[in-house]
Each structure stands twice: as C-alpha cells, then as structure tokens.
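First chain A sits with chain B, and in the next complex the same chain sits with chain C.
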Partner chain A sequence: MPTHKTLAATGNSVVAEAMRQCAPDVMAAYPITPQTTIVEEFAGFVAKGRVHTEYVTVESEHSAMSACVGASAAGARVMTATSSQGLALMWEELHIASGMRLPIVMANANRAISAPINIHCDHSDIMGARDSGWVTYFAETAQEAYDNTIMAVRVAEHSDVMLPVMTCLDGFITTHSIDRVSVMDDESVAGFVGSYKPKNALLDTDAPVLHGAFAGLGGPYFEFKKQQRVAIENARAVIKSVGEEYSALSGRPFDVVETWGMEDAETAIVVIGSTAGNARHVARDLRAKGQKVGIVKIRVWRPFPYAELASVLKGLKAVAVLDRAESFGAEGGPLYLEVRSALYDAETRVPVVGYIYGLGGADVKLELMEKVYSDLSDIAAGTAAPAGLVYLGAREEA
Partner chain B sequence: MKWDISQMGSWTYKQFPPGAVIPEAGNSDDYVTGGWRSERPWRNDEKCTQCLLCWIVCPDSSIRVADEKVTTFDLEHCKGCGICAQVCPVDAIDMVPEGCDLPEVK
Partner chain C sequence: MANLKELTHREDRLAGGHRLCAGCGASIAVRQVLLGAGTDPLVVGCATGCLEVSTTIYPYSSWKTPFIHNAFENSAATVSGVEAAFKGLQRAGKIPADKKMKFVAFGGDGGTYDIGLQSLSGAMERGHDMVYVCYDNGAYMNTGIQRSSATPKGAWATTAEVGAAQQGKLQRRKDLTQIIAAHNVPYAAQASISHWKDLTSKAEKAFAVEGPAFLNVFAPCPRGWRIPSNQSVESAKLAVQTGFWPLYEVENGVFRQTVKVMNRKPVTEFLKPQGRFKHLFAPGNEALLAEIQSDVDRAWDSLMARCVTE
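After this line comes the complex of A and B, so read on.
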C-alpha cells in the first residue's frame, strides 16, 4: 500500500506534483493565468532534476499543443496545461490531438473568456472546447485535481481509448487556494500509471508509420470520426475501472457522478466544479431543518454521464442546474442542455430550472444557493412554475 | 497487426489503425510541392566551398548531395524560402525570380 503525505497546498501545486510523479517524457507549455504556477513548478522540478522530462518552452499555446502533438506522435508520454484564451488558441490542435488519437494529458485552469478581459473562474473556456473529442474531468477540490491527473494518464493511454484527456480545476478558487491534500509516494503513482508503450510511434524505425495523412473527399475521414466516437464511448467503462482501481489505492471514492443526500431527496442541484462545496454546505443546513434536498456533482463531463444522471434524478420533484458558462441563444447553459437531454427518456418528466451563475468569478454566496433551493421548494410544492433562465445574483431591474 | 493499405478504400471504421496512422513510412517525394515558389535558388559552382551548410538547413530536403558534394536543387519541392542563400558563408547562392534567366557563372 502507498504511503500518504498530507500537505497544505494549492490545486496548481498538487497538479504539478501529480505530473512530476507521472513522469512525462515531454511537456510543452506556455504560462497563462491562472495556470502559470503549474508550469512554473513543473519547470522547477525539471531544473532540479526531480523529473527527467524534456521541457519545451514555446511562444504560444498554439505552439504548445502543436509540440505536444508532435512529441506524442513520436511516441512520448506528454503533458501540458493551459487556461482560457490559451485553450481557445489551442482549438485546432485540440482536434488534431484527439483525431490522431494521441493520449496527451492536459490540466485546464477554468477561467472566463474575453471580452471583457477577466482572469477569474468560469467554465466558458472548457465549454468552448466541448466538442473537440477530449475526455474531460472536473475537480471540486485540489485533492480531486491531483487524483484526476493521475487517473487521466491511465484512461488516455488505455488501448480501447487512446484519446487526450483534460482535467479541469477552477481558476483561483481551486488553483490558488491552499487546501488540505493527501499525496501518495512517487513509487505508488509510478506503479499505478505504469510505463507508456506507444503504438505506432514515429520514432520506432523498425516499424515505420505515417502520422497526419490526408483523408479527403471519398477518403476515410467519416470512418475515422466514427472510430473516435467509439473510442470516447469506450472511455466510459475505462474511466470507471481506472477509478475503482485508483480508489482502492488511494482510499478515496470516485464516481463519474457523485451524490450527496440523494437517497430520499425531493429536489436537487446539479453542479460542476468547486461550487459543489457551497451547494453541499447549504444542503446540509437545509437537511438539518428537515428539507429533503440533495446534490449531484458531475466529475466527468465528457463522455457525459447521461445514464447515471437519469438514474439519480428520476422521480424528483424539481431539479436545478447550475451553469458557470453561457451558451448564448440556447435555452440554458451547456450543462442544463445535457441534463434536460439525460431526462428526456425518463418516465416522468422532472421540472428542470437552469441558472447561470458566477461568470467571470462573480461571487457565489450561500444566500444565492439558498435562493435556488427555495425556488426548487416552491416548484416542488406546486406554488411556482419553473422560471426561464435565471442569472443567479446578477444586478437587474426590480 | 499488418495492414494492406491497397485495400483501404473498403475498410470499415473498425479496420483502420486508430488515429489515421498509415502503417508505412511516409514519402512526400511523390508529391510536387514546389509549385507556389516566387524565387528559386541559384548556386555559383565556382564560389561554393562544399561546406554543406545549405544542405543542413534546407527545411524541405531540396538540396541534392552526391559524393559529399552539392549537385543540384530539387525544384519540384523547393519552396524558395532562401534560407540556403542566407546561411551560405561565401555568397555562392542567389535567389532569383522564378522564370528569369539564370545569371552566368563567372
């Protein structure tokens, strides 16, 4: 069994620690707030000889992901990290990484997208990369950010998956706040992730291959996209089995959908990321007052856990979905749309209310969370109809 | 697993190697890619010292060498970037407009 060390550390610090323990062959990264301290700390590990990684400094995130794609095709275990505008600048390379089935692991410090310029937390960046074919984990805490990074390596490199994996942590809230984190010893992490044996490596001169070929009109582009769809569907089972194995090693539970109070809940909040903490805090208070409320936290965003969500939400009287990202012109935020879709085949249609909250780091106070539960309680009691999209806490005309 | 890529046109999504990998060494020699050049390199054989710096830096492997000597430019692949002319320590390479007559060797 591993030995555990408890640290007072930031999310970024333990992500850098997890990356060091996974010992990538190559890291190519560009510093961007609030991701910067991940690459800074990792560069420090390289400088001190604590990890034997080829650390490539590049001139932009576009180049960072390009270098990662090249190194991964060559046969290296590759990691990087980014945030916000940097993730947006990687857009075309994100698709190339997943289309070439390269198991790159990347941490994304969730941050708002310009304009106006804002460096604080929301999920607009990752939601913009939603359809790029990356398996995507979300962390509520620094601990989960650490755990997700290590599990991501195994999922990415699994022969049924072979896809890049992104692990998201909320900018400043999780990346920079000091949290209590349990970190495993290096040998246990190295043993868990194992050594990487690439398939079809460009550097394998005994079996020459060509990466990045053209597959145009009448070519197999369509078949390759179907293959990618199958791969990310395969990731569902792999994420679970890797999660079980990691749970056994770390002693911490893992599930793609984590619930609190859902055994007999009548209303629930569905949430991603650090806000789950506030939601759980308020739910605990309301439970103490006898209200049957619950929390559903989504830990894996792609592939989206439709079946798991339908199973925990069916039969509820009202559900609130909290989106920390916009989907302008749609009925609600990205998570809202997915939750409604997950419930479409349920026998009884649960009323779902969509809230947009915390854009650009807007404060998510406990009173706001209480308002959400109070709205749900009114809907469940039949005294109010589900409102349209609610901007939670935005200053509006009375 | 060994793939017969001549059959690729009929493969289903299950039969392709993941990631659009072609299980053979790539070879761009088969494609003429020098068609959008506006200038081409010209080498003064008398000035050239055969240091082969141009051959090292050519990003397109378009400088042909035989018996450790530069013989010719592969104009089917040269993009006319001029890096060879810039690095030449004895100014033996000039970039001349595509379509012009070449200067005579003096």
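After this line comes the complex of A and C, so read on.
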C-alpha cells in the first residue's frame, strides 16, 4: 500500500508534483497566468535533477503543443500545461494531437478568454476546445487535480484509447488556494502509471514510420475521424476501470458523475469544477431544513456521461444547470445543452433551467446558490415555470 | 567534403516517384541537403506545403527515413520536440547514451520567412541540435503563387498583381539568412540548388555542428516563376551569377563568401527569362528595373563588407 503524505498546498503545486511523479520524458511549456506556477515548480524539479525530463521552454503555447506533438510522436511520455489564451493559441495543435493519436497529458487552468481581457476563472477556454478530441477531466479541488493528473496518464496511454487528455482546474480558485491534499509516495505513483511503451515511435529507427501523412484526394481523412470517435468512446470504459484501480490505491472515490444527496432528491444542481463546493455547502443547509436537494458534479466532460446523467436525473421535479461559459446564440451554455440532450430520451421530461454564472471570475456567492435552489423549489411546486437563460449574479449595468 | 563520385554512392533518402512537379527545386534541395547528413539515423520534419503533400500521400511515403508533418508554421517547434524526446529518453536510459541521431526540419519560404518565423526563431534561440532548411522559391506556391515576404520586389503573384496601378510586389524581400545569423547560431548559410558542391558541403557542416544550424536554399518553382521545367537549375545559377542570391556562410559569427562571382551579371539576366517579371520589361518600368538593380548592388556591397577576405 502507498504511503500518503498530507500537504497544505495549492492545486498548481500538486499538479506539478503529480507530473513529476509520472516522470514525463519531455515537457514543453509556456507560462501563462494562472497556470504559471505549475511550469515554474516543474522547472525547479528539473533544475534540482529530480526528474529526467527534457524541459523545452518554448516561445509560445502554439510551439508548446507543436513540440509536444513532435516529442510524443517521437515516442516520449509528454506533458504540458496551459490556460485561456494559451489554450486558444493551441487550438489547431489540439486537433493535430488527437488526430495523430498522441497520448499527451495537459493541465488547463481554466480562465476567461478575451475580450475584455480578464485573468480570472471561467470555463470559456476549455469549452472553446471541447470538440478537439481530447479526453477532458475537471477537478473540484486540489486533491482531484492531483488525482486526475495521475489517472490521465493511464487513460491517455491505454492501447484502446491513445488520445491526449486534458485535466482542468479552476484558475486562482483551485490553482492558487491552499488546500489539504493527500499525496502518494513516488514509487506508488510510478507503479500505477507504469512505463510508457510507445508504438510507431519516430525514434525507433529499426521500424521507420511516417506521422502526419496527407489524406486528401479521396484519402482516408473521414475514416480516421471515425476511428477517433471509436477511441474516445473506448475511453468511457477505460476511465472507469482506471478510476476504480486508482480508488483502490488512493482510498478516494472516483466516478465520472459524482453525486451528493441524490438518493431521494427532488431538485438538483448540475455543476462542473470548484462551484460544486459552494453548491454542496448550500445544499447541506437546505437538507438540514428538510428540503430534498442534491448535487450532480461532472468530473469527466469528454466523453460526456450522457447515460450516467440521465440515470441520476430521471424523475426529478426540476434541475438547474450551471454554466461558467457562454455559447453565444445557442439556447444556453455548453453544459446546459449537453444535459438537455442527455435527458431527451428519458421517460419523463425533467424541467431543466440554465444559468450562466461567474464569467471572468465574477463572485459565486452562497446567496446565488440559494436563489437557484429557491427557483427549483418554485418550479417543483408548480408556482413557477422554467425560465429561459438566466444570468446569475450579473449586475444590471456594468 | 565528398566528391561527386562519392556522393553518387550515397543512398537518396527521398525516393523518386513522389508527386512534385517536374523541375521542382524543392526535391533537388532536399536530396542535396540529405546527402550531407552522413549515415547517422535521421528524423525529417516538414512544414505543410508542396514538399509535404507531394511526398506523403497516404498510404505512400517517399521518405526512407522517419518523418513527421505537423502543421504549416511549426516544423521547427515540432522537430524541437523530437530532438527533446531523444535527449529525455537518453537521460532516462531508454535510448543508449552513445546512439547518434540527426534531426532536420524543412519548410518553404512561406512557412519559414512568414508564418513560421516565430517558431524558427524560438528553436534557434533554444539551441536544439537540429538543422533547419528553408527551400526558398519566393512565394506561397502550394496554394497557387501568392506573394510571401521572400517574393522579390516587382514579381507578379496572385496577391501582388500587375495592372495600371501596380507592377507586381511593391516591397523588397526579407533577408532571412541574416536574421537567423543574428541569432548567433553556430552555423547559417545561403545556398542554391545550382551549386551542388557548395550546397552539400554546407549541409555537411550544418549537420556536423552541435546545436542549431540553418540553411536557406534557393529552389526555383517552374510553375510559379513561369519558366520551362528544364530551366530550374539555370534560373538558380543566374540568381547566383547576378548577385541576386549570394552564396555565403556564417560560421560562429564569421561571414564568408563561398562562391566567388567575378563579373556580376546585370540582374535583368535573372529576371528576363521568368514570366513573373515579364511586365517589368514593358516600356515605362525602366525606373523599377533600375531600382531592383540598385537594391541588389546595395545588398551585395553590404554583404561583401561583412565577409572576411581570404
């Protein structure tokens, strides 16, 4: 059994620690707020000789992911980290990494996208990258950020998957707050992730391969894309089995959809990331007052857990979906659209309300969670109909 | 430096049967450069462009060596990653410490002078042990002859048109070789497919260097230049003989002319055979021709002033 050490540490610090323990052969990274302390701490590990990693201090996030693609195709275990504008600058490379089936692991410190420029948390960066073919985890806490990083390596490198994996943590909230985190010893993590045995490596000169062929002119582009769909569908089972194995090792539960109070809940909030904590805090108070409320937290965003969500939400009297990102011109935020889609085939159509909240780090006060539960209570009691899109906590005028 | 007879015994690592146009300068540049790579295993990276799409049509490959294509602007960053993987895996003991490998990135002038300049500059500054080769045909040829920052002043291109108000490209070309030399890389050179001995010996030096090396290889495009397929090498030779494309190298900061041009021909001898400069020879454009000549003269004098005399 592993030795556990309890630390008071930030999310970024334990992500860097998890990366060190997973021993990447290459890290190529560019600093960006609020990801910066991950790459700084990792630079410290390199300088102290605590990892064998070749650290490529690139000149941009585009080159960071480009170098990761080259290194991963070469046959190395590869990691990086980014945020916001950096993730946006990587956009075409995100698609190339998944299209070339390269098991790169990247942490993303969720942050708003310009304009106006803003450095605080929301999910518009990752939602902009949502269709790039990356398996995507979200963390509520620093502990989950640590755990997700380690599981990500196994999922990415699994022969049924071979896809890049992104692990998201909320900028400044999870990245910079000091939290209580249990960290395993190096040998246990090394044993869990194992060593990477690449197939089709450029550096294997006994079996020369070509990466990144031209597949136009009636070539197999379409068929390759179908294979990517198969791979990310395969990831569903792999994420679960890796999660179970990791749970057994770490002693901490894992599921793609994590619930609180859902056994007899009548209303529920569906949420991603750190806000689950605020919602749970309010839900606990309401439960004490006899209200049957619950929380559904999505821990894996891609592949999206449609079946799990439909199963846990069926029969509820009202559901609120909290989106920390916009989808301009759509009926609601990205999570709202997915939840509604998950419920389309449910036997009874559950009323779903969509809230956009916390954009650019806007405060997520407990009163706002109370208002959401109060709205749900009115809908459940039949005294209010589900409203359209609600901007939760936005001032009337800026 | 190997002689021609010895070079003919070396294996071509770019096979025939690729789908580049007849007379394409890029494939000649690649073969000559790779002849200079010796016998160590080699990984080739390539930017998006003619060279890449014509040699890697799935499921075929013209490359007798491991090859990676990533995107248009990042072959330098991509090969940085490959080279970093080699170092990281060697440090981890997963690749024998005494194994030698070479790394080369190719890009056209569009992917090098323009969209890829940042990625190239970053790779050169970081000091990766790689050779970056620009095959310069002076336009975005893959997408149909649009101007790049390597397109000569006055040249016709589909985004630098010729009409009553404009005579082709309005701006001078960028001097990329000197920009990269200013990075203080151990080796940077300007070469041409018309001078095989000069080019292969520069390639040998570039591959022998520990750290980053840069080769800017003049590689005509018959299609874009509006010349017959059999005139590529001749056009490249005229570029050298007129001083439009001086052959020189910068070794640890020392500039040296590598092919002397005793009696520099007027630049019109390079321009005239090419359809893309046809309009310059119409009445009324004499001043523009004179300006192009004066630009060539000034650049030549400035370069010669920097070169050591031997």
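The rule is short, and it goes like this: the second predicted complex is superposed on the first by the 396 of 398 C-alpha atoms of A that agree within 3 Å, B and C clash if a C-alpha of one lies under 4 Å from a C-alpha of the other, contacts with A are read in each partner's own complex, and residues count from 1 in each chain.
As a convention for this text, a residue touches a chain if its C-beta (ideal position, glycine included) is under 8 Å from a C-beta of that chain, and two chains touch if they have at least 3 such contacts.
Predicted model only: the values in this text are computed from it and were never measured.
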item	value
Joint occupancy of chain A by chain B and chain C, clash or fit	clash
Contacts of A:Gly212 with chain B and chain C, given as first, second, both or neither	both
Touched partner set for A:Pro220, first chain B, second chain C, both or neither	both
Which of chain B and chain C A:His176 touches, first, second, both or neither	neither
Residue contacts with chain A in the superposition, chain B compared against chain C	C
Partner chain(s) touched by A:Ala67 [first = chain B, second = chain C, both, neither]	second
Partner chain in contact with A:Ala76 - chain B first, chain C second, else both or neither	second
Colliding stretch - chain C into chain B, listed as 38-46, 92-100, 110-118 or 128-136	128-136
Overlap of chain C and chain B interfaces on chain A (superposed complexes)	208-213, 215, 220
In the complex with chain C, residue positions of chain A that touch it	23-26, 28, 52-54, 56-60, 62-63, 66-76, 78, 92-93, 96, 202-205, 208-217, 219-220
Residues of chain A touching chain B in the complex	99-102, 162, 199-200, 207-213, 215, 220, 223-224, 226-227, 230-231
Chain A-facing residues of chain B, complex	8, 11-14, 16-26
Chain A-facing residues of chain C, complex	41, 43, 45, 52-53, 56-59, 61, 63-71, 73-74, 77-82, 84-89, 91-92, 94-95, 101, 118-119, 121-122, 125-126
